[in-house]
Amino acid sequence: MINLFTEPLDAFCGGFFLLTAIGIVSTRQILACLRLFVIQALLLVAAALLIGVKLSSGDLVAVAVITFVTKVVAIPWVLKLSAGSEIYAQREIDQVLNIPLALLISAALVLFSYFVATPMVTAVGQPFTDINLPIGLAGLVLGAFTVTVRREAMAQLIGLLVMENGVFFASISIVPHLPVIAEISAAIDVPVMSLIIGLLIRRIHKRTGSTVVSELATLRED
Amino acid sequence: MWQSILFNLIQVAVVVGLAPLVEGVLHRMEENVQSKRGPSIFQVYRDLWKLLQKDEIVSGESSWIFRAAPYVAFVMPIFVTLLIPVLTRYPLFFAFMGDMLAAGFLLALGGFFVALAAVDAANPYGAMGASRTRMVGFLAEPVFMMVFFTVSFTAGSTIPYIVQASWSAVPGGFLEPVHILVILAFLMLILADESRIPVDNPSGQFELAMIGKSKYLEYSGRGAALIKWAGCMKLVVLTCVLCNVLVTPWGLAAEHTLAAVLLAIPLVLFKILIFLLVLVIIESSLAKLRLFRISEFLSAAFVICLLAMVTRLMGS
Amino acid sequence: MLAAVLILPLLAALLVLLPIGHRGRWPALVTVLTNAILLALALAIAAHVLYAGAFHEWNRSLSIDAFGALLLLLVTFLGFTTAIFSWGYIVERRVGATRTDKVRLYYTLYHLFILSMVAVPLIAHVALVWIAVEMTTLMSAFLVAYEDTPASLEAAWKYVVLTSMGAILGLLGVLILYWATRVAGDVPFTWAGLVTGAPHMPKTLLWTGFLLILVGFGTKVGLVPLHTWLPDAHSQAPSPVCALLSGVETSTALFVILRLFPVLQAAPLVADPRPWFIAIGLVSVGAAAFLLLQIRDYKRMFAFSTVEHMGIIMVAVGLGGMPAHLAAMYQLTAHALTKSFCFFAAGTTLAATGTQEVGAVHGLIHRAPLAGTALLLGGLAIAGAPPFVVFISEFSIFRAGLANGQYLSIALLALFVAVAFCALTFHINRIVFGRAEDSPVHAIPKPCLAALVIAAIPMLILGLYLPGPLAALFRAAAATLGH
């Protein structure tokens, strides 16, 4: 039963994964962004479990557990700890572009990721890659887009985390047997990155009284 | 053939007869969510009855459009009902008269007449509401077209019955990203088209903030009743398209017997009830958007639909 | 022995936190000693690699070959000189806050930063190499922001966010390469394994993986147009940190990209990588050369020169052939040695005058003769004037390219290098010579001078004479880049 439905259920996770990425591009509240990120991480966990069970890969189950611990539990906690009041600020955050334009560009980026992924999928023809690789790639690109168009420090950090999620969403299908040691190290890397960037946000906030990092523009060529 | 026509008529009767009930249940649920007791679920029938008893007042300055609009608005959802699966999963007599595009066109025609009538009556609020409705309509149009394209790409047809069959045929197809994304986009489209939160506040009484309702301010008596009824039917028709064609293509009558068709009525009503629950959750957890942010809402719907198309065309 | 190189900085990072001594002398002493031992270890490893070939440890999870040994040598040498310079610049001069615990934090991060950089050539598994490269960013973020000014925080922010973005792109590239090794059969996911497996890998996987790594790690190397963070971070960080960032951190990221060059050449169906390397390199050199003309901050000037030199190395590798690869290794070494000296000189100048602006300093050689001489030497050396080492390495690149018959590439490269030369000497001339002002000059801490002297020795000597073992190491390292 579970075997029959693994592929559709993985596709289901993929559809929502894409939606959360789009949501993070366009949401105006920091808190909502963070929640969407947590949902996205949960979808990643679900997909890893599904594929792990189907391919009977203990590594992927380990990935699911590590992802749950780091991204669903640790990162929101670390961010709360390091950048405290910032996330829970209810104010609206700005974008460089207006939202309809940002959304249209996101759609174009998703199309682009499909164009990049399709040759690889057809070249190898491994199960699940037809769903996970393009959608993971789209997560990566949309995360990068978020970092570029957001002006707020915390939103840029969430963009980075979305990129990371995208990479992992792709990786669970392309390399289901990556040694766990690499996964664990990568899992340590993500909270460390969040912690360091979170602390940096706090320092910037203390020093300049704002977290709108796009206003930090004293260093440039002229 | 006669059986087919009979079933078609039952379908129309169900939509016409039960539409006010659906609206009443929705009102009741909304009020309950806000911890109020709320009106009886049959209140809409009483309202309609009372309005039908009353005299109608028509401005002497208005033209025939003003008088014709309620009838046009009332008839269009009935035509659409003939085209879509409400109770049966096999096509009925009129099913091949028109496809989903035709259904959308018919509903839009009704809306167009009402908007014309609102301008015709020369009430300033009417014209304002009409222009805002048109704005939402313009923005919703591309979304509708995208939904239409995506569905037709997936199902290879635009006849609602065939689309429905293609979703329910493969068990896996139901969970595909394209399906989920199309459902979401269509849901957003319904919210915009039905003037519901977050696009408009259907229970608001403040004329300046109205989008949908201010078009009917000039109507009284029978005209008001017909337009109100037409609104209820439109909601039911759109809900049926969402529930029966897109979301859950199950629970419809599969056999060509009267009993099966009658049994489908409570099942369909149950599905509509679940949809109403979703609607109430959305309405009570979101706030109305500012007028200029409606474009963002609909562009989100458009992009979601675009993504559905991309995942469909590129994915497999 | 390889494990010791990883464990030592980790121990030292904890050791410097001990509340011993006062005014931060204890952490400074520990750091100098640790890095001296590391340098000795690296020399021993390099000698071992040179005479006994590549070797492995810990069940082959650590391994090093000639290229790795060269990079390790550079990292540890710069770690040692920078440790001495930090003693003067951070401890005695007291940049920023005056609290001792901040100095301790500096040294803890210093050791972790060194650890992450020495890990890059040592680790065998490529996915773990990625983590080491990412850690170089994360561990150095607060070193860049050490002075806690708005400008340094801005620089640190750009640095962390942009290079992390790059690193995540690189991660996908690494994973796609891993996928390719699985498809190619059960080859180990190491640099050597990639080369042996390359002929059997699907073309699209290899090429996509390479492009992602090129863009991702290219951000960290500072290749144009992904360089935007580099001048900021390399000018706002404290000077000893700049020396490490510019001298070797960029090289560690470049190491990963260069490692893929033989992989791509080993795959017969994949497009030839050489024109790509040359084009990307030339764009970087050209853009940096012209941007050098308009700088106003002399640390920024050296930062742009880093972009230029990274581009030169890319071109040298792209030219292909043993002489060009040898020249690339030479250039990598020359840049690391010279650039660290330049930033020491810039730091000394900053310590003496208190400003980073080119226009605000005149007649430095009269006001602070030592700083002025150092800046003059550093400027001439990095611009490529004889008899310094950069002159020899750039000259050998030109010669290799001309021998290959790649006249257009060499002509463009020579033009850009000439422009950069003029820009650098023009700005240095403005600072060093001219009418001296009467504004007061601060004393230069003695450890800074010691670091300058130690850093100057190889910069001068290697320009005149290349010792036999080092030349052999260059040849062995160049051989790892393929035919």
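A, B and C label the chains in the order they appear, each numbered from 1.
Going forward, a contact is a pair of C-beta atoms (placed from the backbone, for glycine too) under 8 Å apart; a residue touches a chain by one contact, two chains touch by 3 or more.
Everything numeric in this text was worked out from a predicted model, so none of it was measured.
Ranked by how close its C-alpha mean sits to the mean of all protein C-alpha atoms, the top chain is A. When each chain is reduced to the average of its Cα atoms, C sits farthest from subunit B. Of the two chain pairs considered here, A-C and A-B, the higher C-beta contact count falls to A-C. We define each chain's centre as the mean of its Cα atoms; on that basis subunit B and subunit C are separated by 65 Å. Put simply, the C-alpha centre of subunit A and that of subunit C have 31 angstrom between them. Rounded to a whole number, the gap between the C-alpha centres of subunit A and subunit B is 36 angstrom.
Across the interface of their complex, subunit C is touched by residues 116, 119-120, 123-124, 136-137, 140, 143-144, 147, 153, 156-157, 160, 163-164, 166-167, 170-171, 174-175, 177-179, 181-182, 185-186, 189, 192-193, 196-197, 199-200, 203-204, 207-208, 213, 216-219, 221-222 of subunit A. Here subunit A touches subunit B in the complex through residues 4-5, 7-9, 11-12, 14-16, 18-19, 22, 26, 98-100, 103-104, 106-107, 110-111, 114-115, 118, 130-131, 134-135, going by the rule given at the top. Against subunit A, the residues of subunit C that register as touching in their complex are 125, 127-128, 131, 134-135, 138, 141-142, 145, 148-151, 153-158, 160-161, 164-165, 168-169, 171-172, 175-176, 178-179, 182-183, 202-205, 208, 231-232, 235-236, 291, 294-295. Those residues of subunit B that touch subunit A in the shared complex are 171-181, 184, 295-296, 299-300, 302-304, 306-307, 310-311, 314-316.
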